[in-house]
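You will see two complexes here that share chain A, one where it goes with chain B and one where it goes with chain C.
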Partner chain A sequence: MIGDVLTWLNDPAHWRDTRVDKGIPTQLQTHITFTLIALAIALALALPLGLFIGHTGRLTFLVTAANALRALPTVGVLVLLTVIISPHFHGRTDLGFVIPTEIVLVFLAVPPILSNTYAGVQNVSAAARDAAAGMGMTGTQVLRKVELPCSLPLIFSGFRSATLQVIATATVASYVTLGGLGAFIYDGLQQQDFPQMIGGGVLVALLALLADLLLATIQRYAVSRGISGRFSTKSVIPADAATAQVRTAEASTV
Partner chain B sequence: MIRFESITKTYPDGTVAVDSLDLEAPSGQITVLVGPSGCGKTTSLRMINRMIEPTSGRIWLDDRDTGRIPAAELRRGIGYVIQHAGLFPHRTIIDNVATVPYLLGWDKKKARTRAAELLEQVGLPAHFAKRYPAQLSGGQQQRVGVARALAADPPVMLMDEPFSAVDPVVRDQLQDEFLRLQSELGKTIVFVTHDIDEAIKLGDQVAVLRVGGRLAQLATPAELLNRPVDAFVAGFVGRDRGYRALAFSTAGRLSTREEPTVRLGAPVPAGTDDADGWLLVVNDADEPQGWLKLGESGADGEVVTDAMLHRGGTLAHQGGSLRAALDAALSSPSGRGVVVEEDGRLAGSLTASEVLALIENPLPQPEPQP
Partner chain C sequence: MNRKAITVGAAAAALALALTACGSDSGKSTTSGSTGSTGSGGSTATIASKLILGGPPEFKTRTDGVPGLQKNYGVVFSGYKVLDTGGPVTVTALKNGQVDAADLFTTDPSIAANGFVILQDPKNNFAAQNVLPLISKAKATDGVTKVLNGISAKLDTAGLGAILTKVQNDKQDPDAVAKQWLKDQGLDAAGTDAAGVTLTVGSANFPESVVLAQIYAEALKDHGATVSTKLNIGAREVYVPGLKDGSIDLIPEYNGSILQYLDKNATATSSDDVYAALQKALPPNLVVLDQSKAQDSDAIVVTKATADKYGLTSIADLAKTQ
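The block that comes next holds the complex of A and B.
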């Protein structure tokens, strides 16, 4: 079976577009496009909202509400939205199917980004926020210069989990006639061509791993070493007495 | 100068945190606000830089009404030190210290030069500049906190229990260095603590607040210890206040008796006419090291080593307080308190009863030379 999957993946015919079928590179590109659009929209919605909720402590119910979105059955919502939306589009456009797909993917990506951003800002030490405001930073400056950089690790982890989920779920696009790596899975299922079906799954998994690796690398450079704990010097915390000259007060020990 | 003019803070649930407080913190001095929890001391402090807005009343900063200055602008002109330092974990130490200069729009180079100066001033080595707060101990973080508050050289500093989260030894060091720094800088400081000993040690004047945010007594530390205004203040100032008050009476030049000594590394003298058998050991610089008990096993005729010493007595300095002199006598294994000169050399010794005699019949104190 594994051999069959490898054979399918290695078959040059599957890496070329034909009149009827699109090859792996084209479907991969479509898959990535769907993913990027969904993530960009989700980030544009959830990041500012999460920062706002975390900073002000208001509208926290939105975080709970967004988390409730996770409970929606993706395929069910997709079919429902397609039925509602696609009749409004005619002619040679895919938009009637792309819009429902992107909506479904955004639904999936918003909750982890929103709740992690909110939690990240909430977790910034109260002393650091108090000091920031007390030294004369305005509310936006506290957010931009202290709360955002300090909550980056959590924001990244939310975004990474959103990315994984969107990459995996973007396969449903093929359920409503669109392309993407899901095409191999659905076609394989229909044609009982299991090597093709599993091959498609392997490609999705590889894409997800690569995307996560890329994001991990970005995170490494974006997050301050002071927070991630990757210090250049391996020094443990030195004793206070070693740095301060001991100034004897009135009494010192004989 | 900071002046509270009938300041009241009432919370929406009806809690009165501060009740028509009138108080003046004179320029160049340390005013300590002290009291039990719930007395509104932190609230009062935070109203000065408008981290909390008063319900009624005014706070004056010299001749400016703080309520009329935009909050951010006001705060950039006031140093602010808090309990857990509140350093920014994502910034290096030097950039933490340079926070306010950056906010004021200084260029990066100037701000960092100033920050480096301050690190030195608070006793941190220069190579700490590139470190992150997580790499520092609590005491070091607190020094950075003080340096950060001083960065733009504000005339006024607010300090909210800055030393209460570090261990007692480090706290003592930080307090001493803080006093040294203040003697150089002469800032107008409002300092909040719940620790009456800290208040007495640091304050030029101490304001004792009672629960419900009313001022119980505003006085110098010595006055507070000697004449608490009512039972609450007396209770809060606590036990041992007679003893602690001695810290504010200087002994003048103590008339000490000469103490026979032996040098560290010299042989123990065989016999001695001193009946109690305690002999003071000094080092080559004539600085007291500890006491030797003559006749202890193996001590006779041997070289005096570090291991033989009984330590544990405190030292009193000539010109120091009566409290230090009494403490030296009480803590000395031999019962004779060791007194040293300013430079640490042995001056002589003094017994507890001699110190008590000094307390009961104070010598006419000579005027200090100008």
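The block that comes next holds the complex of A and C.
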């Protein structure tokens, strides 16, 4: 079976577009496009909102409401929205199916980003916040220079889990006539072509891993070392460790 | 440091995997290049070459699907869009013009509701598919024939659809659904028509066939026959030999499909023609009883606007140049 899957993945006919079938590169591109659109919308909605809620402590019920969105059954909502929205689009456009799909994916991506941003900002040490205010920073400056950098690790973890979920769930696009890597899973099931089905699943998993790796790398360089505690052991010794070493040295000389 | 090494290692592994896939792709492309390009030969612009066909995923590979349309009519569409199996997505996509032609089932009520035009199928790409009992001649006594013909007389497409909904969507037990249907049709009265007959009812390996076999079995039991069942036997290639050698005696069939199986060159299109041809094509020890009105077949459907614009009445019209 594994051999069949590898054969399917390696068959050049599956990497090429025909009149009837789209190849792996095209479907991969479609899948990534759907994912990026959903993540961009979700980020534009959830990040500012999360920062606002975390900073002001107002409207916290919105976080609960967003988390309630997670309980929605994705395929059910997708079919419902498709039935409502798609009849309004005429002609060759796929918009009638793209819009419901993106709405469903945004529903999935907003809760982790929003709740992690909110939690991250809210959990910034009160001392740091007070110190910043004491130095004469305005509210916006505190948010931008203290709270945002301090909560970045949590925001990233929310964004990464949103990305994984969206990549995995974007396969439902094939359920409503759109492409994406889900097409191989859906077609394979219907055609009883199980190598194709598993091959599609493998591609989705690989894409998810690669995306997470990419985000992990970005996170590594975006988050301040003072937060992540990621110091090179060779060059710079953190303050605490330095004093500890000095003390040990003193103790040993006595 | 350690973590860095793991990250770099994972990245390298992923890259290597991606490259392997690409590498062997280009290596093999010469061998199967011809298969990929079949169907793009017709360079003169046919009507179909301006249209997009939509239907279920397996229609792309089925012999009476995209390959059958090309073989029988020379019809090659400009593209294919995967929709659902004769469901609301297909209807909406056809209605709103995401696709120009679609594979729907002939009995779908939405065809009439939306004024869709069913394209005639003169070359029998899709055969008539009436449900009928295929039985070994030795077991087809007058009593058994009477019981089974009674079922066929009551069975229609809508009824069959309702039965299938119960089995497939509501996950009800096919045997219970069969008993309920017989009861609803007033066919469950005990009798002695089939008394003394011992037979084995078989079915193919899909739900509709199973539930039809259960209906036959339950009705014959009610009429005194000794019935055993062998359900989900498999495809025609498996159970027709079983009928010939007597390991099963009765199975529900579709007239078009069984005719095509018995006679590859069959040309009959209408239900009656198929039925007549089937009588001749059957092996000497097998017989079909009355066929029901229940029919389960595909059709290529277009909107009224498309049909008027291109003057389409038949699938063959799609291959004309414009």
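Annotations for the structure displayed:
Throughout what follows, the second predicted complex is superposed on the first by the 232 of 254 C-alpha atoms of A that agree within 3 Å, B and C clash if a C-alpha of one lies under 4 Å from a C-alpha of the other, contacts with A are read in each partner's own complex, and residues count from 1 in each chain.
Please note the rule applied: contacts are C-beta pairs under 8 Å (C-beta built on N, C-alpha and C of every residue); 3 or more make two chains touch, one makes a residue touch a chain.
Keep in mind that this is a model prediction, so the values were computed, not measured.
Once the two complexes are overlaid on the shared chain, A:A132 sits against chain B while remaining clear of chain C. Looking at the shared chain after the overlay, A:Q141 reaches chain B, while chain C stays out of its contact range. By the touch criterion stated above, A:T177 is placed in contact with chain C alone, chain B being left untouched.
In the superposed pair of complexes, A:T93 makes contact with chain C only, with no contact to chain B. After overlaying the two complexes on the shared chain, residue contacts for A:P12 are found with chain C alone; chain B is out of touch.
After overlaying the two complexes on the shared chain, residue contacts for A:G226 are found with chain B alone; chain C is out of touch. Contact with chain C, but none with chain B, is seen for A:T217 once the two complexes are overlaid on the shared chain. Chain A uses residues 233 to touch chain B in one structure and chain C in the other.
On the chain C side of its complex with chain A, the touching residues are 1, 7, 10-11, 14, 17-18, 21, 24-26, 28-29, 32-33, 35-37, 39-40, 52, 54, 56-58, 60-61, 66, 76-83, 85, 88-89, 92-93, 95-98. Taken in their complex, chain B has these residues touching chain A: 49, 51, 71-77, 80, 82-92, 99-100, 103, 123-125, 128, 130-140, 145, 148-149, 158, 166, 169-170, 172-173, 176-177, 180, 247, 288-291, 311-317, 320-321, 323-324, 327-328, 332, 338. Of all the residues in chain A, the ones that touch chain B in their complex are 125, 127-138, 141, 145-146, 149-150, 223-227, 229, 231-233, 235, 237-241, 243-247, 249-254. The touching residues of chain A, when paired with chain C in their complex, are 9-13, 15-16, 18-21, 82-83, 86-87, 89-94, 96-97, 174, 176-177, 183, 186-187, 189-193, 206, 209-210, 213, 216-217, 233.
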